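Shared between the two complexes below is chain A, which pairs with chain B and chain C, respectively.
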Partner chain A sequence: MNAPGRASAVYWTLAALVISSSPHLAAMPPWLVAVFLTLVAWRWLAARQSWAPPPTALRVFISLALIVLVLVASGGHWSRRAATTLLCMMMAAKLMEMFRPRDLRLVAALCFFMMTAQFLFNERLVYLFYLAAGAWTATMALLSIQRLDSMALPRPGLGRREQLAAQGRQAASMILLALPVAALLFVLFPRLAQPLWGLPQQSMDGRTGLTDELTAGSIANLFLDDRPAFRVEFPDGQPPPPETRYWRGPVLTELDGSTWKRSRLADTSSPLPEAQGGNEFLHRVQLEPHERRWLFALDHPRAGPDDSRLTTTRELLARNPITALTQYDARSINAPFGPRDLPSSARAYYLSLPDERNPRTRRFASDLRQQFPDDDAGLIAHVLEWFREEPFRYSLATAPLGRHNADEFLFDLRDGYCEYYASAFAILMRAADIPSRVVLGYMGGDWQEAAQYLLVRQSDAHAWTEVWLDGSGWVRVDPTAAVSPERIDYGAWGAIGEPRHVLDREWLRDLRNRLDRAQHTWNRWILGFDAERQQRMLERLGLPQGTHTTLAILMVIALGLVTVVLAVLLWRRDRQRPRSAAEKAWRQLLGRLRRRGMIKHPAETPGEFARRVLPQLRAQGRDFVELAEWYSQVHYGPRQIGRERQFIEAAGNFRPG
Partner chain B sequence: MTEASAPRFAEGHFEALQAARGEVNRVIVDKPEVVDFAFTALLAGGHLLVEDLPGVGKTTLAHAMSIALGGAWQRLQFTNDMLPADIVGVSVFHRDEARFEFRPGPIFANVILADEINRATPRTQSALLEAMAEGQVTVDGHTHTLPQPFFVIATQNPLDMVGTYPLPDSQLDRFLLRTRIGYPSPAEERRLLTEPDRRNFLAEMKPSLNPAIVVALVEQAARLHVSEPVLDYIQALIAATRSHSAIRVGLSPRAGLALIGTARAHAFLNRLDFCSPESVKTVFPALAAHRLQVQPESGLDSREIIDEILGSTAIP
Partner chain C sequence: MFSLADRVRRSGLFTLGHWADRWIKRRGPSRPPLSLSYRQIFILPTAFGWVFGLITLAMLMGSLNFNNNLGLLTAFVVAGLAVNSMLMAFNNLHGLHLRHCWAAPVFAGEPARLRVNLANDDSRPRPGLTLSGQIEQTHFALDYGQIDEVEVTIPTARRGWMHPERLRVQTIHPLGLFRAWSWFWPEQPVLVWPRPAQPAPPLPVTGGGAMGTKALSEPQGEDFHSLRAWREGDPLHLVAWKQSQRHQALLSREFRQEQSDILEISLSSAPGKDIEQRISVATAWVLMASREQRSWVLDLGTESLGPGRGEQHRNDCLRALAELPS
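This part shows the complex of A and B:
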């Protein structure tokens, strides 16, 4: 076995390992990544310098030490992440004994498994590129290892670079050949309604999202987050106008000190208030995982998917936390809602304020109450007008607020974003004896005309208020809209009117939208292909009783067919594909001779054949001998392009008489 | 021959090669393929084993080759009482100077004619075979390099069984090619009988080559272009020997390398600037026959099997 070949097999295997474990590494603590990369670097050096494998005792010790490190890194908490971390580190340990082709092959093959493990965590479109790169590298590694075993003769005619290119093409074509089979397995493999491995405890690795609490500043970090929160399609037609795109999330009803909280009572089912008139919107939401139970829907939702329910505060809740991309249909009504009368206990609940806080706000509220003794709507209109006229400003600056948060904001600071306005406004309303609460969610969205869906990003997070008006029910009031109508029309960042960061450029935003459309398609057709869709597809194929058995039989038949077709294609290619244009021309010429009864035996050289048919060709015999000699030079000799072209012409002109 | 296929190297050397080939062909009448094998083995840096009955011209061939090459040549007539020292040389003690001096044996020549190699004992045979493989000899711990080129033509009489030690299979592949000479055609035999003794020509022969030219030619031949289809063909031939039911042990990777080298030398000798499948086909029997171990119960000999393989292996 030649040393350079072996070293390059090791390099490819290491490259495959690093690529396939990269997403796992990204989720590991840096010191563990350093340990992993040290072992990889050591193995690389060992291949370069032809070092011997380390002694068994050392290998065992390091392997045990790695297990301990993984346990330390996971904090003794056994999770899916800890399992993949252990897998990565054991692969690194395997490098210490990766000195025979057998071990190399094992590591290269396990790289495919490592890539599969990544999809336990995330199935976004970008990982398709990761998968392609990893699969190609691992296949290159397997091919290099294969070359160690085979008694391949050295090829003086091919340079190193050319050989590598040929191997690269081979690896790519092997992967492409596997694609039809993969597609079949994807479509036909029996799907379970639930993922096999249950739900992960935490799959998001500390990603931001909406919380169910509101303290000033708590969603500010979301404004910098361009990741999609969800995407919405409107099967019935156009999206609602931008000013009504309020996506309802958690409703905060209790004020605890200066923090708005969600009521635990909201989760307990109680009769839902009836909706009053308005237009109904059907929309289909593709929700990115956010680890919480709420399903966002256009304000306010009337009906959600089967396994969800509406709370008394009109939150749409799923049964379990959303840990994977989820698609659901929801119906919403754009009108106030609620019962005719608010029971006195509920009224008291929605009016309660912490004692001894915000004295200035309370005073202001009681002044207002005197101005508008029985006119809640008038009072609200007056306050909104007051917001507009006083020097209130919309900005994304966050300022810490103290004990009297509403006082400080309404009378001193007057500079903030939706959270500040919603919180202060709701407190002011309660002080003025109007039941109120804060609603968290998203506002707006980016309409993707080309793909007909609305993209709502984390940066579209918003907070607004709802007040109770006797006779109407709960009515949405957005104090931010009074201060900054631009926030409603152009989003939080449009309202500020300056780029958020250096990367906030028009063309980049455009590119991001394009990428999101690709992601949307991917979600819709690949990730969204669930048990239900599979069933529908079977029905369309005329197999209504599509049980798992039917699917399995169908799958086996289809796989068999694909294998046969591929085998035939490959056989034909290997048999018939000419290496060059010259060979093609020569074959055509042989075909013309064959029709005259002059058949070349496969084991005959061109010259032998030409000399054999010399008498049959009579006058043309000598020409053909020359042509065969010429073909020999072109086909077997060093490449001379001009000469090849001349030969093709001459061969094309040769017509056996 | 078209213009483009003319070899691209020092014309003088190549013309000298063709002249030497012509000279030898004048002595060994009607056997151009045997002469070609001899030159092919020389250009590929290997050695030639000629196996045939006495009196068909084995010795004449070797003698003619050695004259044509123009270097020092030696004839070793093997006998069963011959010792290794008779070939490689001995260390002699100089009493005056109180030191050993190496007296080179007859093997220190450019061309060796090893006549009736199967008459010597295995020990003596090994001394020669080792020198052939290594290009050097070791006497009393000192290594002495043999001159370049170093070309051995050995002869062996296949029917002479009494008191001989035929070379074992494992030693046979020290010889790049093995060939027979065979009887001349009736017409040529008539000329042989009527015309003056061919061996007289030997005396008139002029050396067309010299050792330096031969070394240069060997280097040039080794650089000949081998294309992908020809490599595929060579691999297919080797694979066929390994999977053939009548063959116990097929060709080794070393034999594969030897096949490429020999085919290159043959193509070079025949004025090609690339290795052609014709050359592979031509040298394959002489190269492969003595390296294959045939299943005795198959009732075939290696020549028949090789013809079958050549006839059934497609040329890409």
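This part shows the complex of A and C:
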């Protein structure tokens, strides 16, 4: 067990640990990361300088201290991130006693586990590189550790660098050869339709998505966020025209002070009226995790997936919070639902406003009411016209609003974005005795012609209103559209007219779209592969009654076949090409002899073989014995270029008669 | 008093071990020369392999539960690595050629050095091999086409022909997840000479009395014995002139007195409480006689070896002593 070999095994193990824990580190407080890296650096130095392991008491003390640090960092709040942080720190503590091959091996093996843990937070395509890098480094570490335990081949001709390169190739080829088995298991391993235990409550790692409240500024944060919110495919054909791409999310019905909130009553389901006329759009949505229950669907959703339901406010709700990429089919109709009477209690509910707020808006509303006594539609049209003619501006750089938020916005500020407009408009409508509510969701989306899907980003977040018109039912009114048609046509950033940040460039957006198409393919084929798709695949294979047992049997058979193929592949791969020119010449010579019926038994040494065939070769026999001895010297002895060259020439000239 | 081997033999362990040995031997050739075939290669996860399996299982269950496909993919890649590791461990042994396995005779109590001659006939290297005996193991590696000899020592206790326990050639290459191994036995039992008595009593004085020791210093017998190079002080009548002329060197004739200069080592006359002690003493005498370059006769009662001298005679005597029934 030589010191350089030991150090190199430690280096590779540390590299594997750092790579596999890097995303976890990114989510940790910086001071904890510093502690982690300090322990890694210490272990690196210890390997370099051949330091002895620290005393047990110190190790135990530091380990306990690390647990306390993790508890402090998590603030006593136990979450999945706290768990992975603890895992990282315990691995760091393990470094202090990582001095035997078995400890090194354990750390290297746990690196694979760390990577899996990260995928519970994020499964994006880029993490494939993380997986590849981590798996390769961990395999390198395991190979280096294996060299400590047993003899590696002495390769006097190879330098350290070449040996390392050979080991790197070995690790890479081992992983590549693991892929057939992995692919097969991936497709055939029976999936669970229902989880065995509880789903995680946290998957967004501190990032925000759309909330179910509307206060000034809640959407503005999202305008700078180019992460995809969801992607939509339209199996029946083309996407709907841009101006109708309203993706309905939570519906806010209660105004609490200046905050719009979702009604708890909305969760109670009641029969919903069917649409009258309009086109039905079937669409398939791949929703990124957002930790809430709503599923986005084109306005107005008519039916969602089996395990979802529509609320009275026509929100599509999943049974559990969405914590992993989820794919579902939804059907929507682009016409208003109704008409249906609004019960007086509901009417009162949708008209309620907090007292003693927004006096100017109330006055304005009663003026409007007098102007249009029985014409709700006329009143709305008038207000939208008023938005257009008065100096209202669409802007993200706006001021916060105070107690009389609608007053301040409609009469003083007049500078804001969708949520300002939606909120003020809904308040104005209620004041004018028209039932109204605010709808949150997304508006628009980037159609990816090349991959035929619509990409909706967080920056497409939008708020609009719905008003009740007797005879028509709930009708969508988007006051933002009145002020800034560009918002509707070109998205939020198109409406602002200037880059949102330094990286907001056309070519970059194009690049991002390209990357997203790759991501979409990944989501669709890899991440979207679930129990249902597996079932469908089996049906296509002609196994309609594909239960878990059928799958398991199929898997075992296929695994056996793949293993046989792999065994052959490995067998062939290990058979090396001749390593030296001398060996090549010798093998060619053996080939010429074989054609004369003189076959060298594998167990024979060159000398033994030569003496055996001596009588058969007659006059040439002596020469061949000499050649064979010469070859043994050249091949096994110390390297002499000159003699090697002479041997190659002599062997090439030897023609058995 | 029973030796450990006896005790083991009397217990149930022996029958179990014996059954296992027979089972292994039934599976194919068990003594060199042999080429390891799939029937002779066994493979099981190492301790680390089991831990690795547990970790993979945890990855699998977690990913399955959360329907996390990338996590599943990782678990399956790891499973694929394990499958490859298993195949490579097997390949590393498969076709390995064990050419010989033997040990030079040793005295009882000294460790016997079993030497195994191995050849890698295949055109692929075989790194990370281990040869294990009962108490010791040796790490080695074979490049392709390479022939090597590996030693492992085994303990010896009793004189006689020892049948060593099975040896194991094994590998946990490449990741340490699986151990592939094969058992084999040396071609021949190992000869264990009796332990020489220590300290040894002085050599016995033979029938010719003090003449025996004189014989060497004064080589004047009646029987012509041999020719040797002329040394200063040799009388002229001893020079073999004819032969000297032929060989271009001065040669002297040497005569020996048969009767008196041959040492007689008799087992029955060796001191000792029991037969084993007497054998020990006789062994020590044989060694001393050989070291002093004398000729001797070994009388075992039932048979008698010699007279003779030199290494061959010594080995014959030691072997005869080793083979004596106790």
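Operating definition for what follows: the second predicted complex is superposed on the first by the 558 of 657 C-alpha atoms of A that agree within 3 Å, B and C clash if a C-alpha of one lies under 4 Å from a C-alpha of the other, contacts with A are read in each partner's own complex, and residues count from 1 in each chain.
Going forward, a residue touches a chain if its C-beta (ideal position, glycine included) is under 8 Å from a C-beta of that chain, and two chains touch if they have at least 3 such contacts.
All values derive from a computational prediction rather than experimental measurement.
Asker: Once chain A of both complexes is superposed, is A:116 in touch with chain B (first), chain C (second), both, or neither?
Answerer: The answer is second: A:116 touches chain C but not chain B.
Asker: For A:181, using the defined touch cut-off, is the partner it touches chain B, chain C, both, or neither? Pick first, second, both or neither.
Answerer: It touches chain C, and chain B stays clear.
Asker: Where does A:139 make contact in the superposed view: on chain B (first), on chain C (second), on both, or on neither?
Answerer: second
Asker: Looking at the overlay, what does A:170 touch: chain B (first), chain C (second), both, or neither?
Answerer: The second partner, chain C, only.
Asker: If you count the residues of chain A that each partner touches, which comes out higher, chain B or chain C?
Answerer: Of chain B and chain C, the partner in contact with more residues of chain A is C.
Asker: Contacts for A:635 in the overlay, against chain B (first) and chain C (second): which applies, first, second, both or neither?
Answerer: Touch partners of A:635: chain B and chain C.
Asker: For A:527 in the superposed arrangement: first (chain B), second (chain C), both or neither?
Answerer: second
Asker: Under the stated touch criterion, which partner chain does A:563 make contact with: chain B (first), chain C (second), both, or neither?
Answerer: Once the two structures are laid over each other on A, A:563 reaches chain C alone.
Asker: Could you look at A:643 and tell me whether it touches chain B, chain C, both or neither (first, second, both, neither)?
Answerer: Only chain B; A:643 stays clear of chain C.
Asker: Thinking of the overlay built on chain A, is A:605 touched by chain B (first), by chain C (second), by both, or by neither?
Answerer: Both partners, chain B and chain C.
Asker: Of the residues on chain A, which ones does chain B touch that chain C also touches?
Answerer: The overlap between the chain B and chain C interfaces on chain A comprises residues 151, 153, 155, 602-603, 605, 635-636.
Asker: Spell out the part of chain C that touches chain A in their complex, as residue ranges.
Answerer: Where chain C meets chain A, its residues are 33, 35, 47-48, 51-52, 55-56, 58-59, 61-81, 83-85, 87-88, 90-91, 97, 99, 119, 121-125, 127-130, 139-147, 171-176.
Asker: Give the list of chain A residues in touch with chain C in this complex.
Answerer: 101-102, 105-106, 109-110, 112-113, 115-117, 119-120, 123, 127-128, 131, 135, 139, 142-143, 145-147, 149-155, 170, 174-175, 177-183, 185-186, 189, 191-192, 195-197, 199-200, 323-324, 526-527, 529-530, 563, 566-567, 570-571, 574-576, 583, 602-603, 605, 635-636
Asker: Under the stated contact criterion, what part of chain B meets chain A in this complex?
Answerer: 1-2, 4-5, 225-231, 234-235, 253, 256-257, 260, 272-278, 281, 310-316
Asker: Sort out for me which residues of chain A touch chain B in the complex.
Answerer: Going by the criterion above, the answer is residues 151, 153, 155-158, 579, 602-605, 607-608, 626, 629-630, 632-633, 635-638, 640, 643.
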